[in-house]
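Okay, so chain A shows up in both of these, paired with chain B first and chain C after.
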Partner chain A sequence: MTGLHLKNLDIHAGKTAIVQDVALHVPKGQVLGLVGESGSGKSMTVMSIPHLLPSGCHITAGHIILDDQDLTLLTDKQMPPLRGAKIGVIFQDPFTSLNPVRRIGDLLAEVITRHQNLSPAQAKAAAIAALDEVGLPDAAAKARAYPHEMSGGQRQRVGIALALVNHPSLVIADEPTTALDPTVQVHILDLIAKRMEDAAAILVTHDLGAAAYLCTRIAVMYSGRIVEEAPVADLVRRPRHPYTAALLAAAPRLGRIGRPDSIPGQPPSPGARPQGCAFAPRCARAAPECTVQPPFTGTDHKVACHRPLQ
Partner chain B sequence: MTRPLLIPLILMALAGLALWLFAPALAEQAAAINLDLRLAAPSSDRWLGTDQLGRDLAARVLAGAPWSLGVAAGSTAIALTLGTLAGLAAAELEGWPRRIILQIVTLVISFPGLVAAVAAVAILGQSGFSVLLVLGFLTWTLFARVIYAEASSVRSRDYVTAARLGGVSRARLLIRHVLPAIAPSLIAMMVFHFADMLVAASALSFLGVGAPLGAPAWGAIISESRPYVYQAPWMLLAPATALAGTVLGLNIYGDIIAKRLGLAGRPS
Partner chain C sequence: MTDTPLLTLENIGVRYGKHLALTGLTFTLRAGEILALIGESGSGKTTAARAIMGLTPACAGHIRFQGEDITHLTGKARRRIWRRMQMVFQDPSASLSPRLTIAAIIAEPLLAHGHSAAAAQTKAKDLLDLVGLPQPLLTAPPTALSGGQRQRVAIARALALEPKLIVADEPMSALDVSVKAQIANLFVDIRDRTGTAFLIVAHDLALMAGIADNAVVLQSGKLVEQGPMTAMMQTPAEDYTKMLRDACLDPFELVAGR
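And now, the complex of A and B:
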């Protein structure tokens, strides 16, 4: 059983449930898109994998299994060696995720020597090779540069090199293109697709376009739960959960006349979720049975809704 | 550091080196009693005049500099080291270890400084080294608080999380990623603290605490001058000017550093 399995994951902040009953499977070599509004719990879900939840938040139930190893059983001492080695994370903002007072090559060498037994000279060579692999011209000179000497796209390439330099089996990309110019975004998505080799990958985003471009499957989160999960083409063309449909309709698109349809209301705060389906108060199709939590059912196209579309 | 900031440091280092080289000669001259020249006014021969035993005040002030500056430097080094370690540890460790460190800081801050220092030196014995220890251990909390506050905010920056996610160990994370971001305030604080410790060490030696009897510590010379203030004001002016000038210079230097590094400057 390779790849990443999340099994019935619950995350609590104190007594408040933040993430509930999240189940996901990402096989090796596939990219799963995790989409949802801010506060839907998607960042919480992925940050629980390397044990980097904000203080006060804990995994309270479920399992995270990466290549047959249950990460929820690891202690605080056992986890750090896996970070950067088995799990690589690409950050949202390349302007803040590189230490401004360290040279690019040193940042890479630090992560390389942490996990591979190399001499400083070998680590330096490996750092330059890693920069070369992410398509930075004149990698040797870039290794001596400081982050401020580079453009946003170049920095994000460094961020990708940092995440992937030790060939992790899981890559988490947290909004990797949000802070970049549109012209650079596709290059960065292509690079992630090309460099991740046979790792399992999760792309956290609220850019459905980016998700559709890069991912094999997409999972939609709403108020701490996964409400729909399906192959990309299927989900985009035939959304079954009313929230997914509303999300797709709310995305601004070139070539469409008029204002995108916004979803009325706001997602409930984690402490004040309604009984049953959390989307019901904003849902046009809500019915009396929606006060009971719907099961997450289906084989290839899974949905948690009593009255799905179609 | 840019060059204008470096020049005063180089000058201070050179002055320190010269004092150290000429220390034996200076000490001899500072102790040379000449009762024929008691309380002599400044002249071309004795630039700063003489004291009640006819000793050359210029020699005494210079000979006293290593003691006063040494105690200030030593206690600043202790306070800086302890405070940095405690502040970083408190920022990185969560839960009860952090609470214990912060409680210790609060406890030490609540000591009445001067009384505690006098009592502690009385126990440890009259020497520059015990003053240095006592001042260091009484004032490290100032560094600890600032470093804890700054490290807590730096620690949540993306690039620190990114390094953590690269598997970088906690100790390395603090030293290579958090500390460099705090270094500017640390440097400025260090200069201000050095000035404060110079005043504190002089205050103690004025009270007769710390400096061995007869040693030309600045505070001790000021204390000796008290009966002769109207008769021979130069006896007070020489060490007092040295002390005030050094403290003023350090504070101005600290302000320049703080301004250059984009900090708010000395908190009043």
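And now, the complex of A and C:
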């Protein structure tokens, strides 16, 4: 049972369910795309894994198994040694997660020595090697730079070096390219693919294009639940949940000239979800049975919909 | 769309200290036109938008709006231009006061330009309809809104004085994909209903292809290519434009070989 298993995970903020009944499996060496809009619960789902939920939010049911270890059983004191070692997290904008008064090289060396038994000189050399491996030109000079002296793309390369330098078995990338130019996006996604080694990885994104580029499988979240999960090509060509189909129709296209299709309305707030399927009020296919929560069914291509597309 | 030039830039240059952020930028925007100003970070697209609004001084060239040279207008003269030329910013949570209600935010420019409180309230209701927001939101603070809803409020506020031109700086960059599409379509709807012209600064060629009439592509402060949006998307003349176009990760193209 290697890789990552999420089993029937529930997360609550107070009494409000933020994430409900999420089940996922990411084998070693694969990238799963977790796709959804702001507020869908995708970041909450992945941030619960390294115990980085915002205060007031708690896992209330389910299990998170990483390489046979149940992370939900760890205390908040047992978790920090795993972060940066067994679990690497790449954040949206590393500028907000990098200490502005520390040199890049010192920051990396600290992360290395915290988890590996190296002398300061060895750690410094390892830090420079790590910067070189993420494609930063003149890594020795870059090690002496401060975060503000770098472009957004360069900072994200540092973010990737920080997350992956200790060879984690799980990589979580939370919207790693959202703040970057489209031309830089592909380079960053390529770099994650190249540097993740045989880790299990989750790419959290609202961009189906980025997920299709990097991932093996995609899970689509809506209002706290996974509504569809399938191999990438299958999901894009034959989406079964009307929400997935609508998201695909809204994605920017190379060949399309003309206005994008947008989904009318917006998702319900977690405290005011309708009975049954949360997408039903925005769904053209909605029927009376949609007031009952649809089961999440299927083998390789799973969907939670009473009236799925064929 | 008419053929009257609404806005003309002639050889505009902008300098930050020793650094030339923009050189020799020349283009024309007609009444009712949606023009995309496209480029990567550091291309000078936001600088151009700020120079047009008079927020960053131009060091060379002329900017004409409805025939008048507005390049160096400041103070009262600039505020007179702002009645007809409004701006929408990238991050609507940073550009809307969290202490005001939505109604007050939309009414503010009307009150500042001498409308009565009653007239401003009525107008705010109409504007909320125009940008597709429900009336109960009038009494809510911006913190109660989603990112897309906030951007709709920012657009409503920009529309309050019935400007001829709205300059929008990356108005969709901070939004989710499906919400981007909603806001993109909203710009076209507003143009069709009110005749307002839009200059939209963007880095996403594929998204703008759906809504813009024409595009200007910038690289390192210089114009690379300009022309009709559709033609530029289908047959870009310059390698740089082609690179920007091909940076779009189209999920359907990506799975074509799988």
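Throughout what follows, the second predicted complex is superposed on the first by the 309 of 310 C-alpha atoms of A that agree within 3 Å, B and C clash if a C-alpha of one lies under 4 Å from a C-alpha of the other, contacts with A are read in each partner's own complex, and residues count from 1 in each chain.
Assume a residue touches a chain if its C-beta (ideal position, glycine included) is under 8 Å from a C-beta of that chain, and two chains touch if they have at least 3 such contacts.
Just so we're clear, the structure is a prediction, and the values are computed from it rather than from any experiment.
In the superposed model, A:Ala210 makes contact with chain C only, not with chain B.
Set against each other, chain B and chain C differ in how many residues of chain A they touch, and the higher count belongs to C.
In the superposition on chain A, no contact is made by A:Ser223 with either chain B or chain C.
Residue contacts after overlaying the shared chain place A:Gln185 against chain C, while chain B stays out of touching range. When the two complexes are overlaid on their common chain A, residue A:Pro252 makes contact with chain C while staying clear of chain B. Residue ranges of chain A in contact with chain B, taken from their complex: 50, 52, 55, 80-85, 87-89, 91, 93, 96-102, 107, 110-111, 114-115, 159, 162.
Residue ranges on chain C touching chain A, taken from their complex, read 40-41, 146-149, 176-182, 184-185, 188, 203-207, 209-211, 230, 233-234, 243-255, 258. Within the complex, the chain B residues that touch chain A are 94, 157-170, 172, 176-177, 180-181. Taken together, the chain A residues at the contact with chain C in this complex read 37-39, 151-152, 181-186, 206-213, 232-233, 236-237, 246-248, 250-263, 266.
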